[in-house]
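Common to both upcoming complexes is chain A, partnered first by chain B, then by chain C.
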Partner chain A sequence: MENNIYIPDLARITRIETVTPLEKIFDISFIEKEAQKKFNFLPGQFVELTVFGVGEAPFSITSNPNNKDKFQLCIRAVGSVSKAIHALKEGARVGIRGPFGKGTFPYKEAKGHNVLAIAGGLGLAPLMSFLTYVMDFRDQYKNLMIIYGAVNPTNILYKNEIAYWNSRDDVSVCVTVDNPDDKWTGEIGVCTKLIPRVDFKPDDTYTIVCGPPVMYKYVVVELEKKNFKEDKIFLSLERRMECGVGKCNHCHIGDKLACVDGPVFRLWDVRNLKEAI
Partner chain B sequence: MLYKVIKKVDYKEFVSKLISDFEFIGPVKKDIATHDFVRINDFSKLDINYKRTTIAPAKKILFPSTEVLIQYEIGEDIKISSVYEAKEKILFGIDACDVNGLSFLDRFFSEDLIDEPYFSRRRKLTVIGIDRMPSKTNFSLSMGKEYAKDGFDLFLTDLKDRYFVRVGSEKGNGLLSKYAITSAAGDEDFKDYNKFMDTYRKSFKLKADVANLYDNFEQVYDDAQFWKKIAKDCYSCGSCCLVCPTCFCFNVKDDMELNLKKGNKIREWDSCMIPEYGLVAGSHNFRPTKENRLKQRYRCKIKTFADRFGSNSCVGCGRCIEACLAKINIAEDINSVKKEVSV
Partner chain C sequence: MRGKGGKDMKASKVKIIGKKKIKDLLREASQEWNVYVPQKWSDGDVWMDQLPKDKQMLDEALEDVVLEDVDTVISPKDIFFPQLESIFKFKDDKIWETPEFSPKLIFGVQPCDLKGILFSDDFYRRNFEDRYYVSRIQNRLIVARGCLRPPRPTCFCSSAKTGPFAEDGFDLQLVDFGDSYFVEVGTREGEEFITMHKKFFSEPDGNYDMTIKEIKTKACDSLELKVDFQNALSLMAQDSFIPEENYRRIGERCIYCGGCLYVCPTCTCFNVFDNVKDKEGERVRNWDACVFEGYTRETSGHNPRKDKWLRTARRYEHKLKFDYKVTGLSGCIACGRCLSSCPVGIGISKFIQEITEKRKIM
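And now, the complex of A and B:
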């Protein structure tokens, strides 16, 4: 049996959904049943996806970990690999390595507590693996609040899920946009603006954050104003990754690696990592 | 450890036999200033008395600048396979800090997950080290890497009329039994060996004060002025990484043949000093300035692995000092950290 960590398993794109002008959601299943069976991921982990002949890039898994027959990636066409993925059709074959990352969202630790999710832009996608998991075991968590900021109404991701959350009385959702259109009746401005309104008890709340690099600093400042605890705030950090397995070193943050030690870090750890946020 | 002695007259015979029976790689003079580790077919080409360092590090034998990680063929099915090298090789004439450099890479590429492309070569490599007097830029004594206690199969120390041989593995011992006339080392041999090692350790001119560096480095890390000064002349060329025996960063690329049926996933050396290193899709660069990059390189060399492995990745070979076009000197910069925190 091959034990080369750089060999991907073959998988097939089974469904493609265009969700915004920039992003598509891809359903992916492994071709070999064995590979599908052994692919068990945790909320916050990522995969390395190969488009044969083009290259490999890391993507956070955005689907529910309880769904065992496929997984989902939400991909923005912005780099060479992601653009090549967008050009693929349903049925296309890709290579998958992973799941990777020891740093995951606190899906166990947060049980019995409030959960606050803060997402900026495409940052909502990595949080989806955690949020769908929480929804599966909704009674095991206390209050759930989701704050999501998008650039404009057309760029809002996961509109169906947001509508579903809105329809439930055990989830509160606040969506805000930077640039509203004529029809927009919701919040306007960056997502940090909504944090002061959160009325969860700091000691009893787990916060998960994902967004563009510039966002974290401002979110953290707002959370600290409310006395949220450093060891109960989790940030999913993005870096350039070439290998996903702690060898190529591109994703180093201070003395740690985003691919192995992250990609989700506790704020307490981030404080001790230079230039993390 | 087994200790043996091989007479100088028998040494030539021993090495010549190794050259004829194996793919033998050793230091060869390339031009007036540089040596390189290359394949040797003739004993006369071997030059272990290289005064400076071999500018290319020995790591290239195990971790080539470009290599195929996997190859694939796209048809009805997609066939993916590994490409491993199968040849037994001997790497001869690397010094103690380079042996320590290889040991670092051995540990790095086996930590957590085994990097099979690296270890497919490592398992088939016999390492024969040799003590040499330090070059001008070698500060391995300061880094605690001037002596190799393992990571080799045989390690030779020149005692004028004979070599003192430390036998590091069964494989090394097997080579001696098959190809060399040796005797067990006696008190006289140990006495001369100790004398050599004393002289050797006293010959290091360049020193780096690493006491308290672990904490002091963090202390100066956010001092923008300090790092501006240190990185002032850096060209972001990446030479320091290319010559480093412990730099391991690489890029992974797909490379398709013209028929679009066969392709390779290859890796090639990368350098954290190059601006594109921290660039992600969408044009955000996590290390936009040369100060960002230089201090991160230093972190990786003199801090990160003190945490992860209990000892720094920098072995103090001094290659980066020789290779740097801007005359950036890591040993002096380590001393600058100390100076900065003392004022």
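And now, the complex of A and C:
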């Protein structure tokens, strides 16, 4: 079945971690060693995950690209495939196609510059592939700031990683929640409120953004108020996809395809396209 | 080497076949090929359908073959891109793919539909080869049939230069000439087909080149619907020219049935889903349509194209702007089926008239 891009490789769920009431993190390894070996992904790419008999859906890879013996997906149970994978146990068999997407986070281009990461809700998950990569090569980037907004404290993802970033003096992290509980002592409100506080030089800063669709236009407004440049702002634009390889056409944004040309786009390239942000 | 005295040493690239011989040719060809040819059903509709292999059924089907003034309900795209198609099957830890390879003779393809086929061929080979589409076309022979008269009143191929006769892309092309057809040979494969079935074909007499030219010119003149196609492509290419109001107005009238997309020769969107029966599963893909609200609806419920007018805009922009930008070819091949099939009288030719003549038609 070589060269047939529509046929998934068999893989196994090796570990499941329940991280919030809605989300679980799945560690996945290919059953065939060859398939694992040739699976090299870049930060921002995604896979098509099959739960056999239920269907297939796209998920951003959330783990560090430097980790070669497995990869991770952080999945919220909302659709048929995502609910089905939540029902699976460790050791279960799934199908994987990918990695897909030419549009990746600017992991190379941003070297030697400041990095500002802005995540809303589940949007932190796709950014993790990039952020863990940056942490591996931390000395190659200038300042790193992560702004993350969640609905409430129980929905905060990657609490261990956030604690780790907080423990380092070369990462600045701001977490904000819309609905605080009694114990919450951090920021309150949407993540756009924190952007005015960023003191990076606009010309010298790469910004990456991932969050719910409604978030993008407000984030872009705030960034541009501070003169951040549209060719240095990257947005992960996720869309409904079926094939993941540019044939089913569901993810068209203007003349671009989220699956092939994205899912990460430079603001410069998409801002004038209908429906983009 | 049929010519005499060295003047015409090469066999001509045009043959001739009597119309009465077509059925026998198709009967003979169906031994080697799966033959697809327009057939008139009992309800009067004409479909580009496969001839049965069973001898008696074949004889009956051949009686229903029609080649002149034919308006096939949908384009022949479903021969290569079926409405529902298996991608692979799975059971336990086994997956096996299910491509289809049969030899296909597509006989009597309208030139506009031929353009549609070539457009889809290119689409399904772009970036990578789609296993299913490419396996279906790998052993294929296309016999085009030029239109003496427009089969639909909504045809506007002469405006888009996609008909009424094909200039290239065919293996053979039939040119209607009274009780026979001139057969233009477009490829070596077409020539081989004629050699295989040479008893049905003969050499044309006289100044046939001139005759063919006259037939084609007359056919071109027979199209009454003319639009400024090239101008429409130029206008669409200018990013902000088409007022949103146009799309909103058309979008209000569209009933979003998807009919225009199913009949369209170049619409290739599909959905993918799994079917399971008795522990054996099958992944299939089926036609989808970008005018449906659910087409872009995401799992979260968010829908970037929830507004009707955005879906209307998407349809026209995909065909006349983005396809042209990406491939240099229009995604509309001017067959006129979208208008002839539309319950509320919306069609691409009318859209083109609206933007080039700057008046409200729809």
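Everything below uses one rule, namely that the second predicted complex is superposed on the first by the 274 of 277 C-alpha atoms of A that agree within 3 Å, B and C clash if a C-alpha of one lies under 4 Å from a C-alpha of the other, contacts with A are read in each partner's own complex, and residues count from 1 in each chain.
As a working rule, a contact is a pair of C-beta atoms (placed from the backbone, for glycine too) under 8 Å apart; a residue touches a chain by one contact, two chains touch by 3 or more.
The shown structure was predicted, so the numbers you read here are calculated from the model rather than taken from an experiment.
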Quick check on the superposition: with chain A as the shared anchor, is it clash or fit for chain B versus chain C? clash
If we overlay the two complexes on their shared chain A, which of chain B and chain C does A:233 touch? Say first, second, both or neither. neither
Which partner does A:175 contact after superposing on A: first (chain B), second (chain C), both, neither? neither
With both complexes overlaid on chain A, does A:52 touch chain B (first), chain C (second), both or neither? both
Which partner chains sit in contact with A:250 here, chain B, chain C, both or neither? Use first/second/both/neither. both
Who does A:208 touch here: chain B (first), chain C (second), both, or neither? neither
Of the two partner chains, chain B (first) and chain C (second), which one does A:131 touch, if any: first, second, both, or neither? neither
Identify the overlap between the chain B-contacting and the chain C-contacting residues of chain A. 3-8, 10, 52-57, 78-79, 82, 93, 95, 212-213, 238-240, 242-243, 245-250, 252, 254-255, 260, 274-275
Which residues of chain A touch chain B once you look at their complex with the stated criterion? 2-8, 10, 50-57, 76, 78-82, 93, 95, 212-213, 238-240, 242-243, 245-250, 252, 254-255, 260, 274-275
Give the list of chain C residues in touch with chain A in this complex. 87-88, 90, 93, 95-97, 123-124, 126-132, 239, 268-274, 276, 281, 283, 285, 288, 290, 295-300, 302, 304-305, 310, 313-314, 317-318, 321-322, 325-326
If we count contacts the way the header does, which residues on chain B are in touch with chain A in the complex? 69-70, 72, 74, 78, 80-82, 108-109, 111-117, 218, 221-222, 248-254, 256, 260, 263, 265, 267, 270, 272, 277-282, 284, 286-287, 292, 296, 299-300, 303-304, 307-308
In the complex of these two chains, what residues of chain A are touching chain C? 1, 3-8, 10, 52-57, 78-79, 82, 93, 95, 212-214, 238-240, 242-243, 245-250, 252-255, 260, 272, 274-275
